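Could you have a look at this structure, given as structure tokens, before my questions?
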Amino acid sequence: RPEAAAGEQPGGPLPTKERPLGQIQHSRQRAAKLFQWLITPVSPQQFFEQSWEKKPVLVKRHNPRYYQGLFSTVDFDAILRDSDVQFGVNVDVTSYVDGKRETHNPVGRALPAVVWDFYRNGCSLRMLNPQTFSSTVWHFLSILQEQFGSMTGANIYLTPAGTQGFAPHYDDIEAFVIQLEGKKHWRVYSPRKEIEVLPQFSSCNFAQEEIGEPILETILEAGDLLYFPRGFIHQGNCLPGAHSLHITVSSYQKNSWGDLLEKLLPAALQMAIEEDLDYRRGLPTDYLEYMGVLNSDMVDSRRDAFTEKIQSLIKKLVDYAPVDAAVDQKAKSFLHDCLPPVLTKNEKALSVHGLPARWENGDIYDVNIPIKRETQIRLLRHGIVRLCSEGDRMLLYYTTENSRVYHKEEPKYFEIDPEYTDGVEFLFSSYPKYVSVDTLPCESLDDKIAIATVLFEKGLLITKKPLA
Amino acid sequence: RPEAAAGEQPGGPLPTKERPLGQIQHSRQRAAKLFQWLITPVSPQQFFEQSWEKKPVLVKRHNPRYYQGLFSTVDFDAILRDSDVQFGVNVDVTSYVDGKRETHNPVGRALPAVVWDFYRNGCSLRMLNPQTFSSTVWHFLSILQEQFGSMTGANIYLTPAGTQGFAPHYDDIEAFVIQLEGKKHWRVYSPRKEIEVLPQFSSCNFAQEEIGEPILETILEAGDLLYFPRGFIHQGNCLPGAHSLHITVSSYQKNSWGDLLEKLLPAALQMAIEEDLDYRRGLPTDYLEYMGVLNSDMVDSRRDAFTEKIQSLIKKLVDYAPVDAAVDQKAKSFLHDCLPPVLTKNEKALSVHGLPARWENGDIYDVNIPIKRETQIRLLRHGIVRLCSEGDRMLLYYTTENSRVYHKEEPKYFEIDPEYTDGVEFLFSSYPKYVSVDTLPCESLDDKIAIATVLFEKGLLITKKPLA
Amino acid sequence: RPEAAAGEQPGGPLPTKERPLGQIQHSRQRAAKLFQWLITPVSPQQFFEQSWEKKPVLVKRHNPRYYQGLFSTVDFDAILRDSDVQFGVNVDVTSYVDGKRETHNPVGRALPAVVWDFYRNGCSLRMLNPQTFSSTVWHFLSILQEQFGSMTGANIYLTPAGTQGFAPHYDDIEAFVIQLEGKKHWRVYSPRKEIEVLPQFSSCNFAQEEIGEPILETILEAGDLLYFPRGFIHQGNCLPGAHSLHITVSSYQKNSWGDLLEKLLPAALQMAIEEDLDYRRGLPTDYLEYMGVLNSDMVDSRRDAFTEKIQSLIKKLVDYAPVDAAVDQKAKSFLHDCLPPVLTKNEKALSVHGLPARWENGDIYDVNIPIKRETQIRLLRHGIVRLCSEGDRMLLYYTTENSRVYHKEEPKYFEIDPEYTDGVEFLFSSYPKYVSVDTLPCESLDDKIAIATVLFEKGLLITKKPLA
Amino acid sequence: RPEAAAGEQPGGPLPTKERPLGQIQHSRQRAAKLFQWLITPVSPQQFFEQSWEKKPVLVKRHNPRYYQGLFSTVDFDAILRDSDVQFGVNVDVTSYVDGKRETHNPVGRALPAVVWDFYRNGCSLRMLNPQTFSSTVWHFLSILQEQFGSMTGANIYLTPAGTQGFAPHYDDIEAFVIQLEGKKHWRVYSPRKEIEVLPQFSSCNFAQEEIGEPILETILEAGDLLYFPRGFIHQGNCLPGAHSLHITVSSYQKNSWGDLLEKLLPAALQMAIEEDLDYRRGLPTDYLEYMGVLNSDMVDSRRDAFTEKIQSLIKKLVDYAPVDAAVDQKAKSFLHDCLPPVLTKNEKALSVHGLPARWENGDIYDVNIPIKRETQIRLLRHGIVRLCSEGDRMLLYYTTENSRVYHKEEPKYFEIDPEYTDGVEFLFSSYPKYVSVDTLPCESLDDKIAIATVLFEKGLLITKKPLA
């Protein structure tokens, strides 16, 4: 929940201490900076040009403290103790012995005594969506998601010395393995065939003999980073004498051109049918005679004409394809997937959460929201709102009321009167600068105050100075 | 049901007496001939080039007996008496008085006394799917459907003198109004706007002031024909002194290029994603910043690149579009929609229905199906089967076990061993010639007899001579 | 369908030729007479007192022609030929060899050549609901159902010489096995334990060693009858040299006192709660401490008080039990299960089906239903209608629009104005006498004619003389 | 969640300071004591004998601090500020002006500025299930539920001076109105008719003229209590000059003898049918002739016999009624409805939550659960577990993993090996005394330790001394 300050739960402020992330005003630039810190010394530009979706990247830092503070097994222990962690929902107990992968989840609450007993017996522990429990991970991912423009999640893996928790497999997401404690022996393998390059779906578990020779083999130590694209088979195991704790950050699930086309094509066809008579004309009365799989070897000029007609209609879809509307569909999904933003104490004071409206001494005080002509405002973050057209309505989707638990809340949005959209766009384009309410491009001052107030009430705006 | 001989129920043989339809061996040609008889003196070629899906056609014959035998109000009366006709299911009672369209259906069985009482009070009667009750209409439509390659249905309309039964509206089908008895005053109007030309869906009822001036106004008399494409608004009313009975034959519902593309595009995209890495690559990480409806006026080279990329991927779908497989999907639906064929007495004797296997004198006789090497066989009709690939199986869809009641039966099909498909194709291409079983392109004589037997058992083959 | 005359389809008039069933006016007495003919020389009184639901009855007649005309294998053959018989829906192909029971149904239409081929290979044939295809069986069962007051159905079993088609088992219905052709060796076994006496559900197939020794063993020959109650295990097999054809008439499925109580108790409790405060009072606050399975051995006076209270509330339900309404619920189900009545030619002429309303020479004639003050009317049958209260409405349920196919039609009913119920009751109580319309206990002559007309239109009344 | 200590969230320890509730060992007695404090000076015995489910009780204390600490508007304000309160889910905004009752809920998060703005405009606020947000209310209700043995909930009502928030109506629960701040004018009316005494369902909103004259009219001030049974119409309004805050504690929804019978009767009938042949026998073949609503006035000895038979079968159900099993069904539902227990710091230390198993310095420590032969154990609370038979399994239902949010969790249970049930029962009966593990009535010491360990792991047991 947005209003909970980072640090109230296990974890603490981001571990990028030497880099004053908080001084970067633009949330998009802050995301870029955080990503840079993550993969340095590789530069983001180099990474996206040469490696992203192409090949693994290994960063050996010889600095076990580099990622320190992001998450630790002590945090894991504290979470088990203090939060409602459920087996099978929040934590999985797994093993991979003699080529056999097993899950050992009991039912119900995962308390330390039971969890550590599994660990003592050689089981690996996977914490799903640690952002629910660790404010630091939540903070970390909530920034990073703006870098990827695609849902960004994480799992934590804790493996006892001398064991392996998972069978070799590939995933459907881009993976950043951040080694937090101990060390782990990793082997990464190329996709086995063209069709498994950047695959749509994760693989099953493979047997060792199915996967060939690794293209990368390394021992990851605390502070190291390993990236590999979806489709790259991987397995990691602990050496005797050292446990391993890592967090895997993931993104880009179902975020391909094909995924966008799945939203775009039906809309394009529907629009073409409505607007273009060519799509509404009847098929030839005799087409069943020469078309169909059984006729595919038939030499018949009618086949050629039919095929050309279909092809021209497919190509003409380009003219009707509502690309921007389809992108907005994707954006809506993304905003629903997003973590809510983490607010600093200062941001809270400047937002609706800092308003002085209260009950005190038997009565209410300061109930007015004192947004005025000269109030300086800006968006809290760049990526927390998006204005999408839906039919003939403009809906403003936003993330501030999302939950840290994936999709626990329905998509949050409200309708924006068309005459206010310019005002909203102005706030977008001004970000991260503050602007005074009376510069909003709305007809009247009342309108300006009204749109500012509704955005402020939803936690989307902060003011330059506290309103109180 | 196929086995019921034409003429057993109300109606009789087709009214095209002077045209020896039965002597035409090829069912497709028989369909063409029947259609020619329907619209003569317009030639089919002229009709399809100049009028089909374009404009109304009026044929005034001055020959009230031309369509005689197809259906009559006496048949209507007999059906009410002898068959289980249900209000709302098989017959509708309607009126259109002072611009108000009403339906007056009671519940339950529609018996003559009740139905004629409504008629006496000025209500119109619409019999839905008369092919269920009249063998002649069934026979007529079962031939015609092969001409259209699209589901072909009919309604019967009986209107008392001096009344109108329906408000002006347009339909989503090509309509052939065949005047059977009496006369009716018709007005036909052009589609009101581009979007209503060959529309996907039928209209609501219009008020007179919404539809403009008719482009065609006529009094249809028995023996006359009126065709108009979907989208053309129409209304018909009876003059004082003469009732009207007509049958409207309809086809080409949801049979446009767009309808085919609705089946084709998802399959094309799925195939492209599987086969072409370009569709699986991730979207740009920053695309949400410059794409979307709110950004549609933004001048940004990234927008251009993004749009070009999408357009090239749409156009490249052409390379992956499984056109023949999509046509087979349409064909499967059509075969499910088809009426079962009507068999002549002779055809019955030459088909599985003529086999002598029987119980007699306390025992069974002639149980073998004596298809042999030298048996001469052919398909019963051209349009009653279709071989479609489904995944890696070949399925033979067929119409002989369909019901005269629309979709009362599930789609009927059986799997064909891939080694038999050549034999089936050979039967298709030989039609309407008889071929001997041993000329079938199968490996062994046993195979030849096996495939012939299974097709014969389903009523799809006839033999040149009775098997008994 | 009621309007189809018996004899139009395979089968013919009832085989009880020497007994002029048709001369018995009261349908209930006709049913009793038919049942008497079925089980003679056992008298119905003796049967119901000594055997019904108690023990098997065997009638050996030494008269192979006694049941002749009811159904024959020639009828079976004709039905396969002329009707749409589907494997698995209308006919099952079974075998029982070496203790193994198998079903061999192909899919689709069951044509004679295929069916007789199975038979030739030793399979048994079971025709389900032969009343759909045989008018004689329909006629037979439609009368008999009035004797049982419970759904009455039938299956036909045809077994090749020297084979057995079914494993030993017991059913959940009272069974009357009528041997029609050939002979069959039957063994009947007592229920194995108290809980299997008059069981609610049919058994699985038993192995021979599970069923003990038969209490009855016989060879049933044409003209013989074998009755056994539900719960009696049975098996029949053909001897070498003779096939067997029998029809098993079944009734009393889910027709026990317990089945009635399942409808009655929830209604009784609901009524008690609404009317009696004792049922609405709260449970004791401490009842969970001394009640519950774990406390069942506790000695505590509060347990006794609680139990007594519950018992008194159960017993007091008697005062609120709407027995008649629950019976009406059962009656409604029964009327939905009923076969429609078979009308004689004469009955058709005297019913709505004989009305002269018609289309002739281009116009309608005799549309009026000429029911007048002096018209003599009566119900067509006693058991075809039932007036049930539903909330505060009176609904008349009736069977004349049921289908010969089980539950193909929804329950048929219409609402009766409360002021007309006396008229309907009068018709019930007068049956089978004809009464003139003006003797109906309604307020006005218009009312009398109205209620007579609506019942006549639904086929529930006949007039003494044709109305035409 | 059980592990969250009371007081971490708005609210604090129970306001019954002068009464050392925590010193009462038995949770059932603690519940009784708390209830006594609630209604004093009325004694519980007097209350349950004279007023419970019978008539209103008014306690005027002239001590505004009596209930202080339970909940305050300051708590309300803090909850709005710090928790995720949603309009329509957790808080309702209502008004009742000029006889018109309205709800004014916006969508989304209910922040103080918006909520207090409604309040300022005269709207009432209802917080649903405040136990979700206030640990004190949670603590209060979690104890009280053991007194009622039925789900115990609460709503908070805050009303501005001079307004009314709700229309007159009655509820389906026993209501205890506890005035916390300010004052409110209440009017209570008797049930209007017998059928509305202790009704099953709540009423709609009434108009003033429908409800007659109040039987009780008073001004409730802070520290006062008003009880009224379900079915008593009530309305409360604020006087000018004073707001009102009260909490209404509710219980006994669907907890009547009739509700128990709804579970009991179907089971009783099923058992009777299985065990008693009388219920499986067929109905008389002729019963439809003399039974049914239309025959209810018929004089016929068969009617009497039928009715007597039914009545005797209803009464005989007493012999088959599984009362204890039906009570266990109710108990299971109650345990699902229950709030989880609130643990003191000391109880946490003595329970599974106090176990020292942990991650420290890179490894796990103290993972064993050191329950031994001599460990002294007891149940945490009396009402947190119940052993119910389900078919032939014994299931232990428990409340410790329930959520403070109603039914957020599925019912929690695990199976108990039949040989361990005596051990569980022993723990029940020993409560609140501690017993040593080796006194458990199990076969072996291993068994004793095993059952103690599983109960301890679920949080159901505490030890006399910390295990660490």
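We call the chains A, B, C and D, going by the order they appear; numbering starts again at 1 in every chain.
By definition in this document, contacts are C-beta pairs under 8 Å (C-beta built on N, C-alpha and C of every residue); 3 or more make two chains touch, one makes a residue touch a chain.
Owing to the predicted nature of the structure, the values given are computational and were not obtained by experimental measurement.
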**Given chain A and chain B, the chains that contact each of them** = none
**Prompt:** Roughly how far apart in rotation are chain A and chain C when fitted on CA atoms, stated in degrees to the nearest 5?
**Reply:** 180
**Request:** Let me have the rounded angstrom distance from the C-alpha centre of chain B over to the C-alpha centre of chain D, please.
**Result:** 64
**Asked** In angstrom, rounded to a whole number, how far apart do the mean CA points of chain B and chain C lie?
**Response** 41
**Item:** Pairs of chains satisfying the touch condition
**Value:** A-B, A-D, B-C, C-D
**Request:** Give every residue of chain C touching chain B within the complex, in rising order.
**Result:** 1, 3, 73-74, 76-77, 81-82, 84, 107-109, 111-114, 116-117, 119-120, 181-182, 243, 352-353, 355, 357-360, 362-364, 367-369, 401, 412, 414, 457-459
**Message:** Using the touch definition from the top, list the residues of chain A that touch chain B in their complex.
**Reply:** 28, 48, 52-53, 147-150, 174, 194-195, 197-200, 252, 255-262, 264-266, 268-269, 272-275, 277-283, 285-289, 291-296, 306-307, 309-311, 313-315, 317-318, 321, 323-325, 327-328, 330-331, 334, 386-389, 421, 425, 428
